[in-house]
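All chains are identified by letter, namely A, B, C and D, in their written order; residue positions are counted from 1 within each chain.
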Amino acid sequence: MMNIHSKFETQMQVRPDDIDLFQHVHSSRYMDYVLAARYEQMARCYGMSWEEFIKRGLGWYLTATTMNFLRPLGLGDRFIVRTWIEEFLADDAGVRVRFEIEKQETGKRCFSGHAEYKLVNLAVNRAVRIPEDIKARYSI
Amino acid sequence: MMNIHSKFETQMQVRPDDIDLFQHVHSSRYMDYVLAARYEQMARCYGMSWEEFIKRGLGWYLTATTMNFLRPLGLGDRFIVRTWIEEFLADDAGVRVRFEIEKQETGKRCFSGHAEYKLVNLAVNRAVRIPEDIKARYSI
Amino acid sequence: MMNIHSKFETQMQVRPDDIDLFQHVHSSRYMDYVLAARYEQMARCYGMSWEEFIKRGLGWYLTATTMNFLRPLGLGDRFIVRTWIEEFLADDAGVRVRFEIEKQETGKRCFSGHAEYKLVNLAVNRAVRIPEDIKARYSI
Amino acid sequence: MMNIHSKFETQMQVRPDDIDLFQHVHSSRYMDYVLAARYEQMARCYGMSWEEFIKRGLGWYLTATTMNFLRPLGLGDRFIVRTWIEEFLADDAGVRVRFEIEKQETGKRCFSGHAEYKLVNLAVNRAVRIPEDIKARYSI
């Protein structure tokens, strides 16, 4: 049985301070774009905002990521960040999210990869199992 | 005779990577917001994009700025960056730009200040007088 | 009677991610250099670290700054950040700090300015008068 | 036959502007630390600085990376970035570099991973084979 999760898209634009000495978006800013898209999609698409997680004392921590830099984005480029859950990790210890960035003008893929996040109880700074209600929200 | 220049507005949103250890937008990111707004307004409002300046071998360099931090912006906040030319510097050596940032939800001013930019010939890295056609575009 | 405060120096080096599209240190990173120097000098020179302020529920918030960009720093440059207290603000509501950055190789000044910080009770997010013991530490 | 390359170390310290809303070093800054260490090691350890590459019209572009976030670094932490070449890619199209970050105070590993870089002719923005003299320098 396949386990397919919805893909969500966020439109963004390169800020001049994202540009590096090679005149392209600095490589570490792609991670920030994925973070910004997930932040926005948490509230809009999964119906539970980052701030609601914080109120429950929870936050997602990045534990691992693999990223492919396919084509550079440049000054002023508009782009789409597409993200989706690939799977829940064993024992609901976290999620593996896939992402890709597409340049709007050309429709060409510039960046792709995946990341694993664990859910952390911020008060004690320890990973926790994803609660059932949150898992349900993320199972769309 | 008063010399009043048009005010222009750009809407933006705080990115999670802009937040600092006090849970507010990091102070240096406000400068980046003003830069992003000026970049966008150069093309849309003044009719001569940053890229067109570059093609002519020109770029604006920041030489001085004064900034007031009035109220912090936080995670996810939407805001308006308003900028306008206050005056051309003596001998058309540059411009003084004023700016302010307003939080969209409350309409309250969060940040204000001004900055001086000189126009630089990028090939020789030297300040130049603002050419007449550029001064005309900036005189709206 | 003059009120002269000690000047302190911190040596730093430009990181490649500080470089912007003009191949110079991005203007907003100079603020980050001053912050890094003050952070380091709080513990080493004033004998009360940032972390100790946090433990007492206190933090310094930037309220205003004026900065002059004199000569650009570039990739790999080593530099000295010199900072000192100019004066305590009225009613001990804060401090005005002056700073300057000097490129190590040439000894030339690249950046100068001043900033006002207020002391904030982080629990209620309100400015407080500088406590006597802290004022004493900062009066060197 | 094993192909073992030298490991090089660079000491660095967290800057306050690296800290994110969870009070830890922001995940994308680890990439910047690796970049800063490679930059420094290029000149000091491999005997050919970034600037010399630029003079020859060459630059290293990141094409892919995998990163593991093991333990967070925090405000003021000192750390060691260790990097080494794992192997040259097929047809000398690039290098795979491994890296790890260790917190100085505890000696514990906080971050590890690897990255692939290709060498680019900056004038035409195209990947090139690693020239023999550069390969020799990197074969230590």
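Simple rule for what comes next: a residue touches a chain if its C-beta (ideal position, glycine included) is under 8 Å from a C-beta of that chain, and two chains touch if they have at least 3 such contacts.
No experiment lies behind these values; they were computed from the predicted model shown.
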| item | value |
| --- | --- |
| Touching subunit B and also subunit D, the following chains | A, C |
| Numbering shared by both copies at the subunit D-subunit C contact, with half separating same from different | same |
| Label of the chain whose CA centroid is most distant from the centroid of subunit B | D |
| Superposition of subunit A upon subunit D: rotation angle, C-alpha, nearest 5 degrees | 180 |
| Computed distance of Cα centres, subunit C from subunit B, in Å | 24 |
| For subunit A paired with subunit B, centre-to-centre distance based on mean C-alpha positions, whole Å | 30 |
| Numbers and ranges of subunit C residues touching at least 2 other chains | 16-17, 28, 32, 35, 75 |
| In the complex with subunit A, residue positions of subunit B that touch it | 15-17, 29, 32, 35-36, 39, 43, 49-51, 75-76 |
| Contact footprint of subunit D on subunit A as seen in their complex | 22, 27-29, 31-32, 35, 59, 61-69, 122 |
| Sites on subunit B touched by subunit D in the complex | 16-17, 19-21, 23, 26, 28, 75 |
